[in-house]
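Notes follow the structure.
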Amino acid sequence: MKKVLMKGNEALAQGAIDGGCRSYFGYPITPSSEIAEYMARKLPLLGGVFLQAESELAAINMVYGAAATGARVMTATSGPGMSLKQEGISFLAEAELPCLLVNISRGGPGLGGIQPAQSDYFQATRGGGHGDYHIMVLAPNNVQEMMDFAIEGFALADHYRIPVMIMAEGTLGQMMEPVIQRESVPLLTDKPWATDGCKNRKPNIINTLHLSPDVLEQRNMILSDKYQEIKRSEKKAETFMIEDADYIVVAFGLLSRVAKKAIMELRQQGMKMGLIRPITLWPFPDEVIHQAAPQVKKFISIEISMGQMIEDVRLAVNGMAPVEFMGRIGSVPSPQEITRRLAQMVEGEIK
Amino acid sequence: MEKQVLFAGFGGQGVLSMGNFLTHVALNSGKEVAFVPSYGAEMRGGTANCLVTISDEEISSPLTDSPAMAVIMNRPSLDKFEGKIMSRGTLVINSSLVDRKPAREDLLIYELEVNKLLEGLDNERSGNMVLLGAYIEKTGIVDIDKALENFSQIFHGKSDEFIKSNRKAFLAGIEYARRHW
Amino acid sequence: MKVVAKKPESLTEAKYHYCPGCTHGIIHRLIAEVMDELQIREETIGICPVGCAVLAYNYFNCDMLEAAHGRAPAVATGIKRLLPQNTVFTYQGDGDLASIGLGEIMHASIRGELITVFFVNNAIYGMTGGQMAPTTLLGQVTTTSPYGRKKEDSGYPVKMAEILALNQGSAYISRVSLHNPANVIKAKKAIKKALETQKNREGFSMVEILSTCPTNWGMNPLEALKWLEQEMIPYYPLGDFVSKKEA
Amino acid sequence: MAQGYLEFDVARCKACELCVYFCPREALGMDKHRLNILGFNPVTLIKAEMCNGCGICAMMCPDSVITVLKE
Amino acid sequence: MKKVLMKGNEALAQGAIDGGCRSYFGYPITPSSEIAEYMARKLPLLGGVFLQAESELAAINMVYGAAATGARVMTATSGPGMSLKQEGISFLAEAELPCLLVNISRGGPGLGGIQPAQSDYFQATRGGGHGDYHIMVLAPNNVQEMMDFAIEGFALADHYRIPVMIMAEGTLGQMMEPVIQRESVPLLTDKPWATDGCKNRKPNIINTLHLSPDVLEQRNMILSDKYQEIKRSEKKAETFMIEDADYIVVAFGLLSRVAKKAIMELRQQGMKMGLIRPITLWPFPDEVIHQAAPQVKKFISIEISMGQMIEDVRLAVNGMAPVEFMGRIGSVPSPQEITRRLAQMVEGEIK
Amino acid sequence: MKVVAKKPESLTEAKYHYCPGCTHGIIHRLIAEVMDELQIREETIGICPVGCAVLAYNYFNCDMLEAAHGRAPAVATGIKRLLPQNTVFTYQGDGDLASIGLGEIMHASIRGELITVFFVNNAIYGMTGGQMAPTTLLGQVTTTSPYGRKKEDSGYPVKMAEILALNQGSAYISRVSLHNPANVIKAKKAIKKALETQKNREGFSMVEILSTCPTNWGMNPLEALKWLEQEMIPYYPLGDFVSKKEA
Amino acid sequence: MEKQVLFAGFGGQGVLSMGNFLTHVALNSGKEVAFVPSYGAEMRGGTANCLVTISDEEISSPLTDSPAMAVIMNRPSLDKFEGKIMSRGTLVINSSLVDRKPAREDLLIYELEVNKLLEGLDNERSGNMVLLGAYIEKTGIVDIDKALENFSQIFHGKSDEFIKSNRKAFLAGIEYARRHW
Amino acid sequence: MAQGYLEFDVARCKACELCVYFCPREALGMDKHRLNILGFNPVTLIKAEMCNGCGICAMMCPDSVITVLKE
């Protein structure tokens, strides 16, 4: 198929459609609004549902209702909006309702700024809502992946009955790159648990209340087993020149591409650097890091935040090597800046 | 080969369209491309810019601190970006809206008084296409004929009128570059 | 022999957890009776609130969801938009609908969402043990208005039927009571009309049902019905506030 | 006058006495000698002959305890 | 002063009053509602402000406004309500507005149950809201501390201009124990940044928007410096028989007392067990754990969750010893159960 | 020489970031002029919304807060309850007030909160680039109603003045416009009356101000004023909806 | 010495008041105490229980799986808790609402038909105080005179009427225990 | 007829032309020969003698550019 230039946000939206999504509920916020706008244009033409909700809170609860009917449904937002959805996400996770959540991230906390950031990492991976739950979190690093992960996100969501989040820096949503559109997936999947009218069967109930401590514990165990299974099966990372690396950079999202360029540059200068790029942020691909650790002099977690993923890197390394941090806030650091900082960090090591 | 070009100016000057146009042409020429706009509809006014990367291979980083080329549409953008251009890079300036000379001495510098050139044209708002035409013609970053071929496809959906007048501006820029640069 | 009254099919066998004499139980039965009569049990999806009726999913014999506190109208919207042919209702208390969920109910009504809302106004937070609701009467003592609700602090009690009637998206808005058999009959009629309004795709429909909370009012069930009649109805007048068909 | 017949699902009764109060024929009362599984003295028919099967008791019963039949 | 019996929630509320709090904005939720109810009774008599907000979302924003005037202000809730406050908390943290937040925790996710839990640990310590921020989190383990930590919480909040959270299991809010009331602190503190009218000074602005990436980064740096300072100064833990311990249990809150009883029992059986009880959950008292690690055979993190604090324990231990987990959901495990499970875990070790 | 008009003291020297011809600027000036006239600058605390006016804290020369999207009325409540003698206002757009913040504004008005709300209705989301607002007119094209707003999907545009007028806590509710000098004068009077209502502790006060968004309407400033006059005013009638003093 | 007592019955039977009363008396006797109620106003009906810990030293855990004593007011509570009482512990039963004999043979068991005893009293709802009086009298967990002394302080704010009738019930329980247990 | 005097804070002007349109005496126009710091051709008085100081221009100016004085 022909390559076409698309904005990341639009590619993601088109990917969702190709992934069988025919319903969108959301509230505008920069830098995610193009997703809603694209859906507003396309879904009505496909007989789908686009509704601008009155708020993020309403949107996530509309998603709850729509997902309960068995439909593939999504919402997209950015930082502050995602905070407002936390109660709803906790409900979705407990009720095991599949759906696609998108965070086109901007800087925080508070109103913050609208430039790209990765500082919602904890919120996404630790569950900003209450209670023990996880959602799957995918971090694309180019526009093609914005599209592909949307398709894959729905498949994962349905398979595990879990909310799946795509988290991408604002820039990734706003930039254009060529993409190749994949084939659309079939629309319908069988969901016997859906609340779509109890004709010819017993009524279905979708519920998150469990007043009896025993039942609550059982429910948490069931969720926990599912999370363990996902951890076993779905961790995903990309590696680049780590086989002989003395120093391994860990970076995700658009930033991982910038880091890669810096690493190529440093390799040319003779420094043995490598890159591990987590593709799934939850489950975090800890094994590839853990296995590399004994041979490595230092890990460097690069993030557009004050340091969040670094905790996962540390947990994976478990003391086998030092783990250092390089962070920026407010914008994606340039390859030049990363090259410079990495060189400094490594030289500090050498002398 | 990988080239990175920055376009910068006031919001409303069509800076993003310049980058967008170039990106499309490069893509249609079989290149790998990435187009990164500054964004911020949440903030009215101010400046806009975008960064275009054109490469023969897969693009690792679509971002940079020091683009090889910059096309500058106003004074604040010159102030902001002049220092960042890669050494021995190229700087193209709309001198109608830039009331000083660049300070860098290691750059290839091309200036064009866009507003003056516009006076002869019927479309006041196509200054961006003037400068873009001149820039492409001079640097050959993409094939200028390919660019002309692509006009109607890129502006697909716009009125014929619009396309025509933009093309005219673009040609005027080419013309200027051929004569003066 | 003719059956004059029996538990409707649209109720399950589960025993209610409600306190003795709590009129939540009557409301459940009326809704279920209407579902039986309209033969819509198999196409209906109900949404429970957070409030004493949080466990209503155990009682209604149709597909049911339990929504987050106040968000039932948004959940209902999500369902109805995907299943426009099904019947969708929410069942909400005054805390749920008029306090935390005021934004969602207003917007559902503004959009003319084709759902039916059963709004149980018992002038208090039953489930959490008797705190003030937006519908608590002036002077009424609750655990969070221990000196009686004061209009200077908390404003006047909210009249939801009147407010929702103002939205052009609302097709049927009514307030009913349960303090005696005659009113129970009227309440059932309103419930039926609301569900028919939805079927006919006329717009948003809501029945506000004045209800008792003997436990948190500190009364026996009968006293509670009397209090409802004597204190609540004068402030919350009964009747239809919007009825598109009539208009 | 028609004769009514009642069936009670006693296990559901919570002794709220609303049926007793609203029965126009004073046919109902509470059974002080029994406790149901919920711990309440449940409803009972104290004057069966008075019942005309009007159904008001069932209408006011919050717990759907009462089935009313009529000839 | 005389000991009086008080419910945990009421002791906390009285502590807040003694700590100079004269304003409360909140929305009821089990098992926290008695805090609101106590305030509704007491504050009007003290000329203070009690307002039942229309929602948790409104409540946290009322707290934002009240804190901006320089007042000592608080709100209390439980799991789902705390999720709804996440956007507001992110704003409060960025605006550096001091206030007291209380989570009398219940089980989740979703509506969950109302029995005690510790599964909001991640939300509290990692910031469930968007962006890089932290709040201080104190975990009392008896009713006296419910009272004392409220007083201390306000002092810390004002000192660092930071929201302080008290997180306690539902049971701790509901149970009664004797307390001794402390002396009240003076009501007024000087807050030159407060927005209380600009008479005789330049206008003050309270704002969280920073559109310029540089300014946003600066703001994050300032916050980060503050967090570092708090980490240096405010970590707090209680230890019990760790000097010679082969096995160290880490547990917080009411659960730490139960764990202590189990440890006493196991000591009598000859097992060398000790306890570290984090009092501040953020900043997490990692040093005391880190220092103990080299001499320890195993750490056991006991939590009423599926395992959240264990990540902090692992980060502190950094690979120097194994860290295992024992968790319950839905209720506080009994001393007997903990004793049994610990004995099993340790025996598994021995054979 | 007499000064007929000049930038009021209650505005700072900062240049607005608003688009050319955007009437946010006129509204700012009118509020500031009234603050000058009532001599309340030093006792006033203003709250900016999230919306184009998010940076208003740079423009008003008094204590200012920036609130989360839609929550300005709650923030104002927190302030006013603690500082009952000060003047507190919010400044909110239609997305902020009528969409995400509908619950908060309704409850502030229900409580009769002694605050003043300046509600800038420009029938669109300005700041985020032209999405549909609850006040967007039927048929109006926006980026999220690309085929024109349909009442079947999104309901009728919301009339906030009419809705808030219904709450007993509201003491002064008015709708004004800025499409010509005569209306600007009326708008200023309404702003003044609203702030006086607060001073007199009569109750909640709100002025809904019909405003333009030339940028996202795709018009020049003058066309925008005409569109406001011709399209918006017929649907959003001007005038006082509640005025306790008059009553 | 540390003792833990469980009180359990229907909601509405005054089970929490029993524990509350005992806790207060113990505190006033100079003991360390903790009172842990079951809670759940979010759930109407069902059963209620509470656990009282009384100790001479600081109480580490106010919780337990196996209390030394249990005072049981109805059948479901017996079913639920009988198995948990510490071996050789004490079990006190309101046999009016418990229609079976306990199965455990290692316990000290005391039964009282509370409803019967209530018939002679004017307050139908003070069954809890009857059983509490009997229990305290029998076990001496706190000094019975201390308990009587404490009545008006503990019920501070209640009507004299209320206090009087509860005291009467309490005394009836003591009386019963003295005679029958 | 009174004479008005105007002062322009030119740097604030965004060339929206509302003042021009609403001036009842057509005294105002845009200065096509100047660009202010924001990049606009700012307002200017084209017929000073026509201005009667009515203040309408200032009233309609969104950017508080204009100070109006009158004798």
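Worth pointing out:
As written, the chain order gives the labels A, B, C, D, E, F, G and H, with residue 1 at the start of each chain.
Here, contacts are C-beta pairs under 8 Å (C-beta built on N, C-alpha and C of every residue); 3 or more make two chains touch, one makes a residue touch a chain.
This is a predicted model, so every value here is computed, not measured.
Chains that count as touching both subunit A and subunit H, per the definition above, are B, F. Counting steps between touching chains, the shortest path from subunit B to subunit H takes 1.
Here C-D and C-E were compared by C-beta pairs in contact; the pair with more is C-D. If each chain is reduced to the centroid of its CA atoms, subunit C and subunit H end up 60 Å from each other. Note on chain placement: the centre of subunit A and the centre of subunit F lie 38 Å apart, centres being C-alpha means. Subunit G has its Cα centroid 55 Å from the Cα centroid of subunit A.
Along subunit H, residues 38 each make contact with two or more other chains.
In subunit A, the positions touching at least two other chains are 30, 33, 51, 54-55, 57, 80, 87, 91, 111, 114-115, 207-209, 211.
Under the contact definition stated at the top, the residues of subunit C that touch 2 or more other chains are 18-19, 22, 54, 66, 68, 99-100, 102-104, 107, 127-129, 134, 153-154. Within the complex formed with subunit F, the subunit A residues making contact are 27-30, 33, 36-37, 40-41, 44, 50-52, 54-56, 80, 111.
Interface residues of subunit A, counted against subunit B in their complex, comprise 3, 5, 30-31, 33, 114-115, 170-171, 174-178, 254, 257-258, 260-262, 264, 332, 334-337.
Note for the complex: subunit C touches subunit F at residues 99-104, 106-107, 110-112, 134, 151-156, 158, 162-163, 166-169.
Of all residues in subunit E, those touching subunit F in their complex are 23, 25, 49, 51, 53-55, 57-59, 61-69, 71, 73, 87-88, 91, 195-200, 203-209.
Of all the residues in subunit G, the ones that touch subunit E in their complex are 20, 23-24, 27, 32-37, 39-43, 59-66.
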